[in-house]
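Look for subunit A in each of the two complexes below; its partner is subunit B in the first and subunit C in the second.
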Partner chain A sequence: MSAQARAGLRPETEGKIFRPRRTLWGDVWHRLRRNRPAMVGLVIIGLMYFTAIFAPLIAPYEYDKIDLENVRAGPSREHLLGTDELGRDVFSRIVWAARSAAFVSITVTSFGLALGTFFGALAGYLGGWVDTLIMRLGDVLFAFPGLLFVFFIAATIKPGLIAWVKAIGLRELARSGYVDYLVVIIALGLVGWPGLARLIRGQLLSLKRRDYILAAQATGVPTWRIMWRHLLPNAMPPVIVAVSGGIGGVILSEATLSFLGIGLQPPNPSWGAMLFQYYGYWRTELWPLLFIPAAVLVAIVLAFNFLGDGLNEALNPQLD
Partner chain B sequence: MLAYIVRRLLWLPVLLIIVSFITFALGYYGPADPIVALMGQNYDPEVAAQLAHEYGLDQPFGVQYLKYLERVARLDFGESIKYRNQPVLRLLIPRLAVTIQLNVASSFIGVSVGIAVGVIAALRRGELIDRLVVFGVVFGRAVPVFVAGPILLFLFARTIPVLPPGGWDGIFSRSAVMPVLLLSIGPMAVFARQTRAGMLEVMGQDYIRTARAKGLHEMTVVTVHALRNALIPLLTILGFLLGSLVEGTFLTETIFGIPGIGQFAFEALGGRDYPVIITVTLLVAVAYALGNLWADLLYGVVDPRIRQA
Partner chain C sequence: MTTVLEVRGLKTQFFTQDGVVQAVNGISYDLNEGETLGIVGESGCGKSVSVMSLMRLIPMPPGKIVGGEALFEGVDLMKISDDEMRSVRGNKIAMIFQDPMTSLNPVLTIGRQVGEALELHMGMSKSEARQRTIELLEMVGIPSAADRVDDYPHQFSGGMRQRVMIAMGLSCNPQILIADEPTTALDVTIQAQIVDLVKKLRDEIGMAIIWITHDLGVVAGLADRVAVMYAGFFVEEAGVKDLYGDPRHPYTIGLLGSLPRLDAERGRRLVSIEGLPPDLIALPEGCPFYARCNYRIDRCETENPPLRLVAPNHRVACWIDVTTAQPTR
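So, the complex of A and B:
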């Protein structure tokens, strides 16, 4: 009889621990799943990105398809939500605008996250004058109210950007509406990074004094590898919360810019621009159109708020 | 504490110089020519060159910037390009007055109503009124100004036409009702939420039980013992309040056609009126920096640990 059998252990379970294996994120998901508002938010957000990806299949018409024989039509089977004064299908434009929102939110967030991680990691790990320089730069950007700065950048870089795009030989691109996307992405991305950089820097400052980092340094692990393998993954949880809340903010900022006519230009589809267009109908019989982009925007902001609150609670269970 | 204040104050002018440099550089290198925007259809190269010379736009960047700084030090912000020969400062002051009235009225209403509602919700936790407040806060946080604005306009200027759809006849006129309401939604939601959370936390403390055990009137317990402590964390969101007001003002003035600095800046952006754009940006940055300084100092007063940082 083996020692294991005598101890009452079966050989096939040797060395195994019976507690279900749970990672940090498994735990978070477990808690998040019980949070009903957060799950509703997740579903709405999922639906938005699904709509964005499959927009060409979902939308019955192109977003800029003008049909002058069918202007100001009410809801019908051909036009689920009716048409505007150019005969463009409102439902199709709402669907295509999801693609604009998704595209802008993903690119701006990645751009901001890349800049924020890069500068934050540099500042936090290297310290000294690099840290001072980067953080002061962030302070300057913080000194502007975000939206005003975005207005300012969007208004001043656009003509230069168009000239530059033409100069490198992309005349088609310059003429298409895609330059508007670029303007919005650059303006919002430049404003978004200091917050993330601060957050990551703060995380690194506390993490880099841990023993396991000292151990890695002592065994000669290169700096970039310490950063990439040991520091950044551990700094991520609060960053994930900030970013998930930030995506909603980016969608809202794009809508705001487009509402004011500085963001995406017609005929590019944008909920903000549609809101502005329909708001101009308030004296006519087309007034109810206003509520469509309004409802979509509110639903999405709510969804991101719910998910952000839910993630925050799930990552910091002691709050309960 | 003194060293902390001095350090924060010294940062202010440095910040302003950097801000003015950035705005000036963007305006300078922004290829949109204000002269072209001004002359429009009647563009004539000879007159354009003369105008550029007149406004000093033909001089090198460094010279223009230094001259600009020197003039700013004398509170001379140049002349508007769109409104020919009118000093920016003179155009700005009446608009600034409108914006300040609008902001003071809406932050006063937003903060006081928000705190009152938050206290009531916390005292009646779980009851209908509390749930209504929580629901309202969730919506108030989620409905952007440019969504709520058109909906308010639709409600009160079309469906029940009791208010004018726009314009400005002073802060005590009917034309101010919708803009003030619109701008106060954000602060109201934030203050209601924070006050409710703060009150709930404070009301469970031992010193509240002690106050009650001493036989103090419930009103005294709530206002003197609980509310005063619950309000401390609210100081820290003052900076946030300022930021949301700046953005809200911009949108509100545009939606309702109110002649404040938000609308002025927006108009200037369209007309490439750089002296105006730079001045408004600088002004907003100063206001914002002072607001943040104020919030940071209060923060330092409340929480001594901050002073050392």
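So, the complex of A and C:
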């Protein structure tokens, strides 16, 4: 009789492990799921990207469809949130603006994350003059007040970019307003990376002295593989938290730029541009013209912050 | 008996703000096939630095291997390229570390970490490496290895993790296994299990071992030969029985005298060695043990004794013959 059988266990369970098997990320998800604000945030964020992807199906009209017969109409069955001064459907523009926000937020974040990871990893792992060079460059970018610097970049590159697009024979593109997106993405991306680079560098500086990195070196693992497989995954938790909060920031920055007239401009749909367009009516038509884009923006920025906080707790369980 | 590793005059220094730390000061030894060499000494005597230098894993800067050679398979490990050195590490010379709690990467499964060396050095595919990893885990005595290969390090106890480290070290059938205090962080019963496991595997696989420890008891049961290190020098080197039965260096005598023994008479006081080891930034001109030595003579203050043969396979760095000399203080 085996020890297990004597202990009253059935023989077929011998040698089996009874814990539920969870991966590291499964563990994080498990903790995140119990965080209500984070889950609300996740739902709102999910809704926004869903809207962005299926905008053509959800929006009843094109974002730039002008209907001069029906200018500044109130909410109705045809126009859920009414129309603006050119007769464009406000609800449709709100929906299409989700696509602008999603596109800008994803590209800017990927751009910033790529630059930040590349430079941060290089600086943190190699150290020495590479580190000094990259970090001083980051300090220079940091020294400018963030948004002001974005204005500066956006205002500087926009005319040049449009001229260049025309020069290579894409007149249609130059007139379409899509160049606005490029300007916003470049400006925000260039300003966004030093923060992430610093974060990743700091992580690597402490992680590269860990015993398991030494053990990997002693196993003959090449440098690039130590970086990708051993260091960066360990550096990820704070980066994920920073990026999650950062996406909200990017959406807000895009709105700010558009509000101030150097970001996306009508007819491109943008919540920020809509705020600019309607804020003159705040006494008479607060609802829905001004209220809706503002509320959507607030909800989404809050959602990203809630999710960021939730991820922070889920990734660092010792915090509670 | 063939020699797998010949170390000659290995010298490592650290260039710090306070000065040059002379961590390893020209040590030489041979390691024979299948032999276990124990290197003992107190904290900071250069044990770890000497083997890390061998693996070229000294952080540079501030560290630098300033001299010496290490002949392995006809090449000098100190001179080959970084790429060539990488193909030796984990493959022909493997290493296991002191603290199994921190030596495994928390975000990678055990299987992927053990399998990494197999993929890198043996050119195995992921699934082959996984299969071999399960065999290795079984070999080091991990129960339900096939189930546990996908677990993460935090799901293992300290002793089990050290078994995993050993499986990692042995994955490519190395000719030399370097063990840097692998039992220090474990409690005594687990220590004994790990030592037994290494002995068993050594007899099966036949690799040579360099075992670093400050625990004279562990080395006694494991090593064929023991070298005693002090202030970056080898001060005595002998077969394990000779070293314990017939120590010839005043430092070794002091170390052995400081051990509690079960067979000692009741009430015997443990002897301690007075003083501290010298500052490695300002090493004395003469014998590094001079200040603490009970047998010292004037010559010791000005001339550092080289290792000399005092009996077959027994080398000592001392001007005195302790078998005839009387303590001078």
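The definition used in the following text is that the second predicted complex is superposed on the first by the 294 of 320 C-alpha atoms of A that agree within 3 Å, B and C clash if a C-alpha of one lies under 4 Å from a C-alpha of the other, contacts with A are read in each partner's own complex, and residues count from 1 in each chain.
Note that a contact is a pair of C-beta atoms (placed from the backbone, for glycine too) under 8 Å apart; a residue touches a chain by one contact, two chains touch by 3 or more.
Just so it is clear, the structure is predicted and the values come from calculations on it, not from any experiment.
In the superposed pair of complexes, A:R77 makes contact with neither subunit B nor subunit C. The partner that reaches more residues of subunit A, of the two candidates subunit B and subunit C, is B. Across the complex, subunit A is touched by residues 11, 15, 18-19, 22-23, 26-27, 29-32, 138-139, 141-144, 146-147, 150-151, 153-154, 157-158, 165, 242-243, 246-247, 250-251, 254, 265-266, 269, 277, 281, 284-285, 288-289, 292 of subunit B.
Interface of subunit A with subunit B (complex): residues 139-140, 142-148, 151-153, 155-157, 159-160, 163, 252, 255-256, 259-260, 262, 272, 275-276, 279, 282-283, 287, 290-291, 294, 297-298, 301-302, 305. The residues of subunit A lying in touch with subunit C in their complex are 15-17, 19, 21, 24, 210-212, 214-222, 229-230, 233-234. Within the complex, the subunit C residues that touch subunit A are 55, 57, 86-91, 94-95, 97, 99, 102-108, 116-117, 120-121, 143-144, 147-148, 150, 152, 155, 165, 168.
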